[in-house]
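What follows is chain A paired twice: with chain B in the first complex and chain C in the second.
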Partner chain A sequence: MPFTQVNSKVVQAKIQAGQRLYSQRGAMLAYSGAVSFTPDLAGGQGGIGGMIGRRVANEATPLMTVEGDGTVMFGHGGHHIEVIELSGETLYVEADRLLAFDGQLRQGTMFMGQQGGVMGMVRGQVTGQGLFTTTLAGNGAAAVMAHGGVLALPVTPQSPVHVDPQAYVAHRGELQNKLTTALGWREMVGRGSGEGFQLELTGSGTVYVQASEEKL
Partner chain B sequence: MADFTLQGSKVLAVRMGGDSVKAKNGAMVAYDGQMAFKRLSGGGEGIRGMVTRRLAGESMTMMEVKGTGTCYFADRASEINLVQLGGEKLWVEASNLLCTDGGLRTGTAFTGLRGASQGNGLFTTTLEGAGTAAIMSDGPAVVLRVAPGMPLTVDPGAYVAHTGNLTQQFQSGVNFRTVIGEGGGEAFQIRFEGDGLVYVQPSERNTIGGDV
Partner chain C sequence: MTPPVSAPVIHDVNTLPSGDNVNPYAFSVDVQGQWFLQKGKMIAYYGQLSFDGVGHGRFDRLLAGSFHSPMHAADWVVAEGSGKMLLADRSFDINSYDLDDGNLTIRSGNLLAYEPGLALKQSIIPGFLTLIGTGKFVAASNGPVIFAEPPIRVDPEALVGWADCPSPCHHYDHQYLRGVLGGVRRLTGLGGASGEEHQYEFVGAGTVLLQSSEQVMAARPTGATPGQQGVPRQRGGVGGLLDM
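Moving on, here comes the complex of A and B:
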């Protein structure tokens, strides 16, 4: 797999001729070898159709294609980076949290309403993630950014996990997510515990949580 | 009793079996099992504590977390330090307190001029009893020992918490250079004497002393 962690905030990718990586535009820190960076106007895979889809979905983070033969270091904004290896599963992540990913992964856009209907859309609004999210499927690795490090929590059918929507980073596997509210009279009179909304993840997979309630 | 463990240095995992902990409002990042969150008015010290807190301006919004399972807490990627209390008292700034055992008593203490120089008001929070407390610091905190005959002086902006039998004294290094605006940025310090531990963070809050 091409990504190796240099330290908690810098990730190194080894790239060989014929391989391709996508990364957030401007996230390259240093490189050695013959590597070329091309701004990817389409913002990823899928040609014009995929591009329009992402524009409409507001998941169009400027990407660049990295090709050639050498090693490249990536980092952005001093955020902690977590390398997530995928072997056939699907990773759901916000486009602006995605630092770099293997060109072999299939990139897609998912409408939140597909999971949880109306509540799924409310969920997107509450978490500030919008109505769409990016999916990556296949075999390969992705580097995901988070504020203050990432905690990976396993979810099994017996033990669902509840996550603060602001601390949610990404998830993978066969997970259903649902926005649950615990709003009571205390929230109505402005004396809430600050935990009025939670994401409930059920199924089997992994959820990634950051050590902070800040958005990137 | 709730079981406190650190997941890395920035996430606190608390395992609970039906008991409760007090935590900073909104600091939960994830949980499994069943949990209920309830805001504690006035820091959970009843009406008297609430009035004292209002008067003291030591605002601390805490919530009570009760249930069975594991609850994860984190706040703005701050480093977390666990402090075990066996009956002694811990003085900590309310803004640095992340989570405490439900059995620890919280209170308010007067700090005088020191508090004002820290930019934290004239009062501070105290914790007393047996149990664990999780305190936050901006960067990993260092624990410095104070022994009789070995006083310690710290920057008010870097002070986080202290335990033990310590007397604190506020000292100022204001001289004519400070007055003409050529100060070293270390115009105020707190001096601890006695026997105990002081937690210091490798970062400074904005204080009056740091600007002059």
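Moving on, here comes the complex of A and C:
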């Protein structure tokens, strides 16, 4: 796989001729070999259609393509980085959390309303995902940024997982997520626990949670 | 390093490490004699230590041997005596490095302290200092330090320093501005910049030190005490005459 973790905040990618990586602009720390960094007008795959889709969906983070033959180190803003390897599954992640990803992965945009209709849209507002989120599918690896370390919590049909929406980073697999509320009279009088909203993930897959409630 | 979940470790003068990290963000130096120290990086000390500004008459011989950077004189003090002092800087990762008749160049904001066995000089690259000689020094970085071997090209902001290799040169990469499409791109500005058009290029034998983020540690003014209640005011120029 192209990504190896150098330390908790830096990943190294080996790239060979004919291969291609996408990475957030300005996230390169160092490289050796003949590697070129080209700002990607379309912000990823899918040509003009994909570009317009991402602009409309506000998932158009400035990306660059990394091509050539050599080794590149990526890191950004001192954030912790988690390498997520995909073999056929789909990863759901916010575009601005994506540090770099394999060019072989298919990049797409998903409307939050597809998962749970209006509640899905409300959920997007609470987690800060907005109305749309980015999907990556296929075989390859993606490096995802988080504030603080990342925990991968497995979700099985027997054991759903509840996550603080602000600590949610990404998820993969066949997961249904829904926003659960635990609002009562305490919230109404301003004496809430601060944990009134939670994401409940059911199904089978993995959810990635950061060790902080700070957004990127 | 302390385990992630444990009772607080209580140190005293004997249990504090000497010349080693207390945790990733604090470093304990066993001072027997003199150490150079950047202002404001000492957070606590045990023992009999005095801190005097560089330029003090008593230190003439010391300065002649180990301090050749008049531009930075206002940022440095000499710690003298015997005791243990703790160094830290804005919770950045702290590491110590040993030079054995070697040389190392480092971004001036990252260097915290060094032994007088080393001589501090200004690098010809602005903003960098070179240490030459034998001894230990302590430096900070935003995230753990990565050691890399040339040939390598490094983002200017991610560079901490380099050892034993010739000075770097600038590398500009505008590969994507060539050709017809590139020309359109350059003329219209369409597509934006990749942010990776400029690097420092290292060749030759040696070691390059990188930090784990392209966030530069802003060299904050560390000479003055914070202006808050309960802290005596630092006296300004001309013996505080202007400080009424």
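One rule holds for everything that comes next: the second predicted complex is superposed on the first by the 216 of 216 C-alpha atoms of A that agree within 3 Å, B and C clash if a C-alpha of one lies under 4 Å from a C-alpha of the other, contacts with A are read in each partner's own complex, and residues count from 1 in each chain.
Simple rule for what comes next: a contact is a pair of C-beta atoms (placed from the backbone, for glycine too) under 8 Å apart; a residue touches a chain by one contact, two chains touch by 3 or more.
Since the structure is predicted, the reported quantities are computational estimates derived from the model, not experimental observations.
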Could you tell me if A:Gly103 is touching chain B, chain C, both of them or neither one (first, second, both, neither)? neither
Of the partners chain B and chain C, which touch A:Pro165 in the superposed model: first, second, both, neither? neither
Counting only touches as set out at the top, which of chain B and chain C does A:Gly173 meet: first, second, both, neither? neither
When the two structures are overlaid on chain A, which partner does A:Val209 contact: first (chain B), second (chain C), both, or neither? first
Check the residue A:Val10 against both partner chains and state whether it touches chain B (first), chain C (second), both, or neither. second
Applying the document's definition of touch, where does A:Phe37 land relative to chain B and chain C: first, second, both, or neither? second
Chain B and chain C contact sites that coincide on chain A, given as residue numbers: none
List the residues on chain A that touch chain B in their complex, please. 147-149, 151, 153, 159-164, 167, 182, 186, 191-195, 207, 209-214
Once bound in the complex, which stretches of chain C touch chain A? 142-144, 146, 148, 151-155, 158, 173, 175-176, 190-197, 199, 208, 210, 212-215
Over in the complex, which chain A residues touch chain C? Could you list them? 6-10, 25-32, 36-41, 62, 64, 73, 75-79
Show which residues of chain B lie in contact with chain A when the two form their complex. 7-8, 10-11, 25-33, 35-39, 41, 61, 63-64, 72, 74-77
